[in-house]
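Dropping the structures in below, format is structure tokens.
Look at the two complexes coming up: chain A is in both, with chain B in one and chain C in the other.
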Partner chain A sequence: MSEVARKISPSRRGISLAGFRELNVLLAFLLLCGYFYYQHPDVFAKPANLAIIMRFVATFGMLAIGEVFIIITTGIDLSVGSLTALTGIICAWVMLKGIGMLGMGPIPLVPALIITLIIGMLVGVWHGLFVTKLGIPAFIITLGTWLIARGLAAYITKGYPVVFPYRGGHETFLSLGQGSFRSIPYSFIILIGIAIVATIILNYSKLGYRVYAVGGNLEAARLSGINVDRVRIFCYATSGFLAAVTGILMASRLGQGTPTVGASYELWAIAASVIGGTSLFGGEGTILGALLGAGIVGVMQNGMVLGNTSSYLQEVILGMVLVIAVVYDTLRRRITGAQIRTFFGSFSRKPRDA
Partner chain B sequence: MAATVDQTPVLEVRNISKAFPGVQALSNVDFKVYPNEVVALIGENGAGKSTLMKILSGAYKMDSGSVYIAGEPIEPQNPHHAQSLGISIIYQEFNLTPNQTVATNIFLGREPSFDNVLGRAALVNRRQMRHEAARLLERVGARFSPDALVRNLSVAERQMVEIAKALSFESRIIIMDEPTSALGEGEVKVLFDIVRGLKEQGLGVIFITHRLDEIFEIADRVVVLRDGRQVGELPIAEATPPKLIAMMVGRPLVEMYQKQDTSKGDVVLEVRDLSRTGVIDDVSFSLRKGEILGIAGLVGSGRTEMVRAIFGADPRTSGEIFIDGQPVDIHSPNAAIRAGMALVPENRQLHGLVLEQSVERNIVLPNLDWLSTGLTGLLKRGQAREVAERYVRQLNVRTPSLAQRVKLLSGGNQQKVVLAKWLASSPKVLILDEPTRGIDVGAKAEVHALMSQLAAQGIGIVMISSEMPEVLQMSDRILIMHEGRVAGILDRTRATQEVIMAYASGETDAVKV
Partner chain C sequence: MKRYLVVLITIAMLISMVPVLGLAGAQDDMTIVVIGKSVHPYWSNVELGVKAAGEALGLPEDQVIFFVPPREDVAAQIQAMETYIAAGVTGIAIAPSDPAALEPVMARAAEAGIWVTTLDTPPVEDSVSTVYIGTDNFTAGTIAGEAMLQLLPDGGKVGIGRGSDTALNALQRTDGFLAAIEGSNIEALEPVNDREDFGTALQLANSVISANPDLAGAFGVYAYNGPAWATAVTEADMVGDIKVVAFDATTDHINFIMSGAIQATVAQREYDMGYQSVMVIAALAQNEDTEAVLAEFGAVEGVIDTGVDVLTPANVKDYEAGLDEKGVPHEWTTADWEPAEDAFEFVMPEEEEAAEMEEAVATEEAAE
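Up next, the complex of A and B:
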């Protein structure tokens, strides 16, 4: 037996487990790109079209990163689409009108961004506190915010957009969402930057180890000395923060804070992370996978627009892709090892422990 | 005793054997249960009781042997099949849906239905279901309505529902797995009345228990298992507690690992007046460096609850904890770990491991603080791997790689991973809750050797164990709990199984020590 022990090889999780799983998603993504390129050879790969895809992916892809953190810890965040609208309006509002309550006039760019980001983060902390301290299901508390944020956004603005005037001295702000570097939109570059930071946190920091452990087995994590509440609150705060980033970028791209933006983005974000291999059972998921998942959703949507697919049908198809991804994920999990028995056993009777 | 020789046994088990990798769980077990008879099945943990039960319930397949119900050979394929054959098992954990009524639970999946144009099972005949449920409840002497919600019932009442459910299958034999472990004294009496009632109705009952006194009250015959073998079968009239204990623990003590004597250092852990309302009451003890303090007691005596409160896993209502003579404020496992404690929990799969993660990640988990850089919180991956590798080697964890998911390891190796993660945290006080439960004999010996070695290094060890030989062999002193209180603390030299049993069952007056 000591012979076996001597043969232990160093962990290759980084390559074998994560890499292999994302390979599937990557292949699906490349196949899709190939297909649409073949269908629309003169349009699809044009820089202008790619920029459109990238701009689109940058929005809900950002939200998907937040969802990865939360879904790994077996939660969910339904609020981010609405929160995108609310934070976009807050950003536009404080830059153009100031904070009336405090008697402050229009606020310059950097403080305005900071205020918006902090508000987004605080909303996330709010969710985290409800989930951890009160034991409210994440689904419910974030569904509440989904309604509240959307309603508040419309209420503050009375339903009208808060528009940045043309040549109003807000060119720097507007370039965030509209500008690009060699036809790569800034917003996409920001997405990649945030994705890299998130990957480092998840894969290389003790915080990331804790996030995975909390999602894998909450009680074991707690008994291992991890402050599990703090870890989970961090995940919700991250999601809220990234919703604020998205809100800012959307407001910048549209040149206005609009109460209607980001509708159903939360669902696309969840879809992207799940398609990318994040497990709704918790404990599993990667940022790279979520980005590829967002890429799949973005490319499909773009390809269908190019093919003049009815926008109603687009939703049908995206929904089906999501279902297929979840079924695939579930089957893959079941078919590993002994779980296949419990899978079939579950049809007859709940397995019991002695 | 109602059983006579010429009667056909309601259940007969003939020459059953079952092996798992590395352990012969059952070898050539055979016994009979007659109608109108209660047979007590006793044995230590790991004696093979649950394996036998799982074979009868169809959860496991036997390697060889046969099972007969009323003289007919049967082969249970799954729990549902076993039930339809007339074997019902009532587990310690009930299988009820709390938010539904008693009647619904009894007929779950087999609701009486109307025979009509919509076909069978289309509409539930609620009146018939309620009526039949009421009749079954009457048979077990229950006083609650079939319309009561299960979540509003007490543990004893839920047990009645389970028994009624078993009766609804027209069971000929009912197997009860430690049915009294969660019951209060009065409730046990009621249960025994039910069991006697079942017996009079012609059923056979197998009663699995750890409490010897119950056997004399309820059983007609006793079957003793040890290490997968049937070591004895006695009519109750011929059984005495010492006889049964001797059969159960039968193995010569020298076979087991013996803790080396170590020089004891200063007091490393002191617990004063620790209480948690309704669970543990005024527990005080101290532990010295290099000492192993065994904690004995019956299931439900508050041993696990006590160590969890010490470790900060559960809140405590009062009490002080001192490490190295210094008072420490322990309000969370994190604080306990910082103070130098480690807890290897009773249930390694639920509380000890992240099953889907690698061996390395599991070992690193409680050590993240010292295995990462302070400023950025980035993990020192090389060092983390080194630590994991060192302990995997030291504890002889049999795993193909550090990347192996712990879910795929055997029980013994999983337990070693839990030990590894805590040893890597260099604790001063190591608390082990049932450290060798459910692991094979080889791994058990390794764990015992390791404990002795750690004590020799000056670590103070608290060990909860339900296995008498383990407690007697490994402990320097033995603390015995009874109903949340310390019933006594004995020196190893003065402890015998009988004395420990007496303390554990609250009969302190019976032994003058």
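Up next, the complex of A and C:
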């Protein structure tokens, strides 16, 4: 990497600015938790209830991590919800019915997981190739997959869920999504593991540096010798991979691969990452922020059910939270750090001038 | 580049014309179309009924057509109707996703001399639809409410999970359920809406159970809502303490009935709806006297009621035997399972009312 590249993304990935921004999201998250705890003290903080929220975050946080990678590079991935349904069905299908095309019978757990993850990743690579090599907008190509994956999920299953049979000996697989370690769901532990790896990649590796560089200024990054196509394909592959992880966990949790999951998950994932401070203009965003964003949505959804809020109203409230987050983010961007310093500086200087 | 585009569009247009041309060729004979709502096990069963009726009538496969859009989509249904009107088919049976929106195009079909009937969802009042075949969602909802009443004689809090706050079938089922429990000690919580997503449905079911430690029952409006409640009840270790009433009978419904997490599920006879729709149109097209045909099929005031099955641990084995008799395939089996001695048994309201009336008459007579 050349010196130019290092200069492209000043402080955008560093802890300094990012830490400050996540603090806001963290405060909002804690405030919300405090509010619902105050409203329902005997229910909200029960381990069983916290596990419910963790399971929510495990699903949408996982997808939001993928979105963060892509949105940083000014792309978007609309396919992850449909892909969750499709990969869940593929996983259940190969474990229960085998691969008909190759004349293979039901295959064991580990190869089934590997096949599913590879398929998810390949779909991501496919998106990346279209975006980079053909210059097709990410919005369009992933919208195509959104339709294709949803359609395939319905076509393969004819609408029937692929159900793991009652006492059918798939307990290991089912425990992935259903089991928990001292009331912390395994799926949440898996999410934390993936989030740590993703944070290390984004903040402490050359690759992560390039991801932010590509998002900050694509042309500058290209001129400085970064293989921008490869970086972007990596981001799409990550998102596809994580959609497959979500699909597997979902199939395990529900005890079936079913086409009736994943509806508009992509929107919740995008909402979570945006609430968490990822900029749709690219170049900015962190994993921790996205997880907190997913946490905010999860706590709100749980809290509104605890309060027996009308479901008509729930969506209105969630929508308003999203709008507030985006407006806040935009305003914050206008008031840059330099302006804040000038603002405070003016107080300290005035007396001396006078 | 442009030239390729033109070629592509031409090919696309040719492909889209193929079914129409195919139909036009078969016009001498009878062509019957059944239009469903969405890709769903429910509609797959309707399709089985449609195909079985086609076979029973000895019609070739391409003259008994079953069409569904991938998701509920009024525009797609209208477009399909227009295509089949242009093709000049014999009759169309449609399950209108929005009866009011579909009525004009149904009227156009009727004007073109095509038999129009409805299934699954009743049409608007004074519709051109010759007959409606099915059990409407409101009635099915009241039967689910009746099952809940029988399960919770002492009342209690009941959670409701559904996939939409606006789709007619969700509203009608909920309203029917609420109408049935009105005046009882059962208190219905606000319905939770999962936007037609099984994962979210489970999430919400978990939250409702967590929020209401005294929850006595749960009602699942859409097919997956029942299994979602059952999973959540199982996770909360409250199987049997929270009574679950569901809709439809898929593999996981039966699994949960066997495990004891679902006490009752209302299954519409969708196979019969498909079968009857084709049979009625065929009969209408071959006979002069419409009224006689309808009477023969047992229509009352323009409705052929296909009824519902209420599956409980007590009768699920009989239900399986019934399906096997019709040749409806199912992945599950109750072979290695026996219901508990005190398993819940549902009594149909009419039968119950009849029994009550008899009792009342008997008491009156005794009093006299």
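The working rule: the second predicted complex is superposed on the first by the 321 of 354 C-alpha atoms of A that agree within 3 Å, B and C clash if a C-alpha of one lies under 4 Å from a C-alpha of the other, contacts with A are read in each partner's own complex, and residues count from 1 in each chain.
Basically, a contact is a pair of C-beta atoms (placed from the backbone, for glycine too) under 8 Å apart; a residue touches a chain by one contact, two chains touch by 3 or more.
Everything numeric in this text was worked out from a predicted model, so none of it was measured.
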Original post:
When the two structures are overlaid on chain A, which partner does A:R232 contact: first (chain B), second (chain C), both, or neither?
Top reply: neither
Original post:
For A:S264, is the partner it touches chain B (first), chain C (second), both, or none of the two (neither)?
Top reply: second
**OP:** Examine A:K46 and indicate which partner it touches, taking first as chain B and second as chain C; both and neither are also allowed.
**Re:** second
**OP:** Please work out whether A:H170 is in contact with chain B alone, chain C alone, both, or neither, and reply first, second, both or neither.
**Re:** neither
**OP:** Would you check which partner chain A:K206 touches, where first means chain B only, second means chain C only, and both and neither mean what they say?
**Re:** first
Original post:
When the two structures are overlaid on chain A, which partner does A:H127 contact: first (chain B), second (chain C), both, or neither?
Top reply: neither
Subject >> Contacts of A:G159 with chain B and chain C, given as first, second, both or neither >> reply: second
**OP:** Using the superposition described at the top, list the residues of chain A that contact chain B and also contact chain C.
**Re:** none
Subject >> Complex contacts: residues of chain A adjacent to chain B >> reply: 1-2, 4-13, 16-17, 200, 204-207, 209-210, 212-213, 216-217, 219-227, 283-284, 337, 345, 348-354
**OP:** Note which residues of chain B are touching chain A in the complex, please.
**Re:** 50, 53-54, 57, 59, 78-80, 91, 93, 95, 177, 311, 313, 332-334, 336-338, 343, 345, 350-358, 360-361, 364-366, 368-369, 371-372, 376-379, 381, 385, 388-389, 392-393, 396-403, 407-408, 421
Original post:
For the complex, which residues does chain A have touching chain C?
Top reply: 40, 43, 46, 48-49, 52, 55-56, 59, 150-151, 154-155, 158-161, 163, 165-166, 178, 250, 253-256, 258-265, 301-302, 305-312, 314-315
**OP:** Can you check the complex and tell me which residues of chain C touch chain A?
**Re:** 38-44, 70, 165, 189-193, 195-200, 202-204, 206-208, 210-211, 213, 223-224, 227, 231, 235-236, 250-252, 255, 258-259, 331-332
